[in-house]
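Consider the two complexes below, in which chain A is the common component and chain B and chain C are the respective partners.
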Partner chain A sequence: MQVAEHETALDVTRELSDFLERRREQIAQRWAEASLFRAVFTVSRDEAVEACKAVVDALAEVARGGRPEDLRAPGFDSVREQLGRMAASRAKAGYTPSQIAGEVAGLREPVTSLLRAEYDDPADPRAQANEIALTILIGTLRLVVMETTVDAGEELIARQRQQLLEVATPVIRLWDGVVAVPLIGTLDSARSQIVMESLLEAIVDQRARYAILDITGVPTVDSLVAQHLMKTVAAARLMGAECIVSGIRPAIAQTIVQLGIDLGTIITRAGLSDALAYALSQQGIVVSPRPAMGGNAR
Partner chain B sequence: MTGPFATQPGPVPVLVLGDVLLVTLQGDLHDTAAERLQQDITQRIASSPAPVGGVVIDISGVEIVDSFLGRILAEIAASARLLATRTVLAGMRPSVAITLVELGLTMPGLDTALDVERALSLLGHPSPAAPTTHPEEGA
Partner chain C sequence: MHAPFVSATRLSIGSDADLAWVRQQVRQAAAALGFGLVQQTKLVTAVSELARNTLVHGGGGHMEMTPLAEGNRVGLRLSFVDRGPGIRDLELAMTDGYTTGGGLGKGLSGSKRLVAEFAIDSRPGEGTTVTIADWVSGVPSPRAGAS
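Up next is the complex of A and B:
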């Protein structure tokens, strides 16, 4: 019984696959009119028709495999990238994922009408079975499109996160032997790790004696952020450089005190300029105005 | 039993540069060798006829410092300080520094320098900054 049922199901999907291949041209022509394809392939209609044909071929192949509900069917592989591009361009045009899904679902209608025309009697069980299989198939296509949309979004987020990490941690050489890192944004463990690595590398490269961590751009300092700061300071000290934390705004100073965080082992200064002045004075460098402007400086 | 060229398992050589003892660690340091080094250094400081100006431990050739070696280094510094000698740890690699910090071994009582040259100048002409500004908690 089970086997027989399976057999008929396979028959149905095979029949559906044959139908899709037979009507490939017509389906493609109709789909090319649909908003999903028309909006993406704006340059030429032929291009849209070609894209439609590729999708029809993929559907036919999946149907031939006998598992129209299989999201991972190898038949989808050929069009996955194309669908992704289409979904991405729709998303760029301001469409929500559910709207895109709706558009994909809209592809079913033209095919269904063609399928109905195949049978004289709409009550024919084979016609109904075919229609159900087609519905499942289009549903799977919709899922595939959604998946590619989500994947593209995740990829974008990952890439931007990486860019943010790279952009946010420049190490600046302020003076001979003095480097500074202006920290901007929330300091989480991933970022503090990168800050620490790039700062230590810079200390070696620049042969720096003093490293300034400027937290002017850090919106809040909690115990976790303070812990990250202390770790960075300790690591810089192990490398033989002295670390100065600067840019502590009054509100942050109050928060640190209220939280009871002990930054007693860290040298702190109010501003970056104060920190630089400290580093210079420790090295015996004196910055003073010229005796007379435009006069004999040296 | 160790010959003059038995570099791998043998003791770590302690060089004398003026009044400074210089120890250069290379590669992996065996636990027993580390303990032996600790004894060597303290003995050299104690038995030296002239006062020892300082100990410089160069770890620029060390890729991995585990918690044991970290503790030994801190103990060397602590025991040298009991004998009125400063210890400077020189040339730590960034990756080693990160590892030690993650292990919680920040070595508060130890002086550090970027390389041996700076360590020597730190011992020879102590600038007003270096000794006073480092928090010497373990003292």
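Up next is the complex of A and C:
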């Protein structure tokens, strides 16, 4: 056995592969009872059995390749998507990644008992070698499932980040020639770049003379945020529009002053309505309450 | 969330997303300790400046947040640690308007004005540690620098 260790290892994985193919039906039937498959493939038992068979086939192929520890074995490719869907469905049901991993590990037991039944003598070294190879193989399967879970999470985060970029910067036309952008959340450089672009576009499209940047929804105004605001104001000015920064809360105002940022060149107002009133009065538009009609008591 | 912070919390600063996380954690801690809205805003703004310095100039590092209790007053101490190139001329770096990063040059000098205590320790080639502390109610501490 020590003479050609590599040969023996290959023999073992090949033997395991043969076993998996031979017992494909029984293993699939047993796995279909496991919560991992039962809870995911709910339409029919046949569906679950088919899914199990696909996984058994994949494991058999990986074992035949002789590297049961290889996460990247091509044999896994055929079931990666299916495993990902299974993991996602379990995660949606409230299972933690470690619980899902535990369920995958639980798939080993039914196969082990079938494997043991193949040998008359449980102490047979080949039986033990096969069992070890099977353990490694299931361990790799568990890693593959974990990997799909993590990938799915990262993909979701990337998608949401993209959505955030788009969602948070609507440009609103408040009046003829007056546009406003309500800024929300953290103004990192990617976000502020988009704000500037969409505001400048709106200034052109709407032929706006006044642009209001409302920072009510920005929790922290530090020097970088202030700098972004100043750049946006300067760019708008180049296009012939006057910018008004509104929504400056008392705490923010005090902080800006102590920080030593000079916003003196920018027109600022406490609230959005003040900013609109300014923009209107600059254009000579007067908004006044309707003159009281006769008999209108209220 | 209301449980008093008994030990220091360490948050790593390695990306823009970490900056937002650090700001949020400090805001929560400050609110839990009883900081008023204005003080919270000042503290978080200072944190934002200093954490960005750690990221941009120090090449990343971490922030350590320690709740303080002294007699009948409570506060928060925050240390920003990086192993970056360090600051060669501290006096110049603390000057209003001086910048090497294309910013407004208000980060260090401005943060110092926003909090009660401010200490900076930097050695060229070894890194920079900026430590700030603030106390609930905003009475400035007679002692400068906390460590």
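Note that in this section the second predicted complex is superposed on the first by the 288 of 298 C-alpha atoms of A that agree within 3 Å, B and C clash if a C-alpha of one lies under 4 Å from a C-alpha of the other, contacts with A are read in each partner's own complex, and residues count from 1 in each chain.
By definition in this document, a residue touches a chain if its C-beta (ideal position, glycine included) is under 8 Å from a C-beta of that chain, and two chains touch if they have at least 3 such contacts.
Everything numeric in this text was worked out from a predicted model, so none of it was measured.
**Q** Output check: A:Arg207 vs chain B and chain C. Expected answer is one of first, second, both, neither. What do you get?
**A** first
**Q** Using the touch definition from the top, say if A:Leu224 reaches chain B (first), chain C (second), both or neither.
**A** In the superposed model, A:Leu224 contacts chain C only, not chain B.
**Q** Answer with first, second, both or neither: which of chain B and chain C does A:Ser78 touch in the superposed model?
**A** Touch partners of A:Ser78: none, neither chain B nor chain C.
**Q** Does the superposition put A:Gln163 against chain B (first), chain C (second), both, or neither?
**A** neither
**Q** Using the touch criterion from the header, give the chain among chain B and chain C with more contacted residues in chain A.
**A** Counting contacted residues of chain A, the larger count belongs to B.
**Q** For A:Pro250, decide between first (touching chain B), second (touching chain C), both and neither.
**A** A:Pro250 sits against chain C, while chain B stays out of touch.
**Q** Tell me the contact category for A:Gly260 with respect to chain B and chain C: first, second, both or neither.
**A** A:Gly260 contacts chain C only, not chain B.
**Q** For chain B, which residues count as touching chain A in their complex?
**A** Answer in residue numbers: 89-94, 96-98, 100-102, 106-108, 112-115, 118-119, 127-129, 133-135, 137.
**Q** Would you tell me which residues of chain C are touching chain A in their complex?
**A** On the chain C side, the touching residues are 16, 19-20, 23, 27, 37-38, 40-42, 44-45, 48-49, 52, 96, 103-104, 106-107, 109-111, 113-114.
**Q** Inside the complex, what are the residues of chain A that reach chain C?
**A** My answer: residues 186, 188-189, 219-224, 226-227, 250-252, 254-255, 258-261.
**Q** Mind pulling up the chain A residues that touch chain B in the complex?
**A** Within the complex, chain A touches chain B at residues 193, 196-197, 200-201, 203-204, 207-209, 231, 234-242, 264-265, 267, 282-284.
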